[in-house]
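Here come two complexes built around subunit A, the first alongside subunit B, the second alongside subunit C.
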Partner chain A sequence: MVELLAALLLLAGSAVVLVAAVGVARLPDTFLRMHASTKAGAVGSGLVLIGTALAFGGGDAWVRALVILGFLLATTPVAANALGRAAYVGGAPLWTGTVADQLAGVLPRGTFDPVDAGQRRRALQPTAEEEAAPDKAERSDPGREPAPPAPPSP
Partner chain B sequence: MTETRRPNPWNLLAWLYLAVLFLRELVLSAWDVILTTLSPRLAVNPAILAVPLDLRSDAGITLLADLITLTPGTTAIHVSEDRRTLFIHSINAASPEAVVAGIKSGFETAVRRVLP
Partner chain C sequence: MSGAGPVLQVALALSALMIAAAVALASWRMVRGPGIADRAVAMDLLGLLALTGSALAALAAGHLALLDVALGLGLIGFIGAVAMAGFIERASQPRSAEQEGDGHG
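For the complex of A and B:
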């Protein structure tokens, strides 16, 4: 009976984390994705931890599970808050269907230019010529921003 | 009913009430977010909303912001410099007033019973 309950809790927790992953892929902007991802921590890992404690049984397992849960509940909102604020200040675009932005004008907001970001991404990927002679290609274009450090291994 | 009572950090019953309220909100809104994520048509009405605060202490505001962030569907993003407004992002704010009123009558009222 206890094993069945533990198995159900573990399954439910895993399902919540899976749905969170689907949410990160499907939802249209940073903030909405955060709703999906940060909540995998609170609900998903909560269910998994309680399921684990039930499966192992004994006070030892329960104390550990509850301490882990306590730390998770204390730390994940701080991280989510920092991420959300950084995304807003950094200019992460709000989805076009966003109803209201009452934070507008309160916090400074950078601009996030997808075209610029695209160019930077292309700049990160070495062209065939650069791959052949990475040192030369880097020096050949002095007007550009300094090239990012090369990846550790090709 | 709790508006005039002074906050008492040793009121264990109020802490217990807060915990039960949190668990209830956690389950309800987690289910809500799961349905939203899996629905074929993404029916979201996100918004960044300003919640006027009656809490005055840093501890109280922190606790409220943590509870809001832990509850699926709402995330605290910023507290104004004067500590009078909490800015939250809500996944479903078809009626922004209802979301703000819900937080004020739910979590904030419960927090105000234990922290100033």
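For the complex of A and C:
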């Protein structure tokens, strides 16, 4: 009986995780993919962990499974929140069917460009000449490649 | 519990197959993903899948120690996701916010 219940929990958890992976592979934009991955992923892993503890049956297994489950429930929302914010700030495109963007004007949207960002940071302390013409000074930065097809900075 | 019954054996095999399919799908998104954020999401999901697979392996092998591996994988996955998010956010500040002096760099 306990074995049957454990088997059912394992199968249900794996099915939920598989649905999450299908969502990550098939949904149209970053935020929808994240929505599929985090919630369904946490539930699926939790079900599999409870099934494992049930099949082991000892106090050791239950303590470990519950500790992992509590850790997952505490950290998954934090990681998802940070990743979603980073995706929005990094300029991940929204799906064309999106009806509302409530973060428009609240968070800045840039483009992900580590090379450009590093050079901007190095040029953060402007000399007098650069203060006079910041755009020109930045364009003549010697460390910069001659003409990378960089996206237009806002 | 070393000798798992036949029902549990079948359930374990089916679950492992489903996890393997999920890993294939997440890896496809990791290779394909148009932006770095998509790859970060796929990496997050892959960490979760590794945790789940580790729990299944603990049951299949009858070793409780593999559950500790699952805990470690969860920890690493969380730290990796948060670090990746911080990196993406810092590397994509628009110029105006950057010149106002780097509040939370």
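FYI, the second predicted complex is superposed on the first by the 108 of 154 C-alpha atoms of A that agree within 3 Å, B and C clash if a C-alpha of one lies under 4 Å from a C-alpha of the other, contacts with A are read in each partner's own complex, and residues count from 1 in each chain.
In this text, contacts are C-beta pairs under 8 Å (C-beta built on N, C-alpha and C of every residue); 3 or more make two chains touch, one makes a residue touch a chain.
This one's a predicted model, so the numbers in the text were calculated from it and none came from an experiment.
After superposition on subunit A, the partners subunit B and subunit C are accommodated together without colliding. In the superposition on chain A, A:T38 contacts both subunit B and subunit C. In the superposed model, A:W95 lies in contact with subunit B only, and not with subunit C. When the two structures are aligned on the shared chain, A:R85 is found in touch with subunit B and with subunit C.
In the superposition on chain A, A:P108 makes contact with subunit C only, while subunit B stays out of contact range.
By the touch criterion defined above, A:L18 lies against subunit C but remains apart from subunit B after alignment on the C-alpha atoms of chain A. In the superposed model, C is the one of subunit B and subunit C that contacts more residues of subunit A. In the superposition on chain A, contact is made by A:P77 with subunit B only, not with subunit C. When the two complexes are overlaid on their common chain A, residue A:A7 makes contact with subunit C while staying clear of subunit B.
Contact with subunit B, but none with subunit C, is seen for A:P28 once the two complexes are overlaid on the shared chain. Superposition on chain A leaves subunit B and subunit C with their closest Cα atoms 12 Å from each other. The contact surfaces that subunit B and subunit C form on subunit A in the two complexes overlap at residues 20, 22, 34, 38, 42, 76, 78, 80, 85. Within the complex formed with subunit A, the subunit C residues making contact are 1, 4-5, 7-8, 10-12, 14-16, 18-19, 21-23, 25-26, 28-29, 35-38, 40-42, 44-45, 48-49, 51-52, 55-56, 58-59, 64, 67-68, 70-71, 74-75, 77-78, 81-82, 84-99, 101-102, 105. Here subunit A touches subunit B in the complex through residues 16, 19-20, 22-23, 26-29, 31-32, 34-36, 38-39, 42-43, 73-74, 76-78, 80-81, 84-85, 88, 94-95, 97-104, 106-107, going by the rule given at the top.
Contacts from subunit A toward subunit C in the complex involve residues 3-4, 6-8, 10-11, 13-15, 17-18, 20-22, 24-25, 30, 33-34, 37-38, 41-42, 44-45, 48-49, 51-52, 55-58, 60-61, 64-65, 67-68, 71-72, 75-76, 78-80, 82-83, 85-87, 89-93, 108-114, 117-118, 120-121, 124, 153-154. Residues of subunit B touching subunit A in their complex: 26, 30, 33-34, 37-38, 42, 44-50, 65-66, 69-70, 72-78, 80, 87, 89, 91, 93-94, 96.
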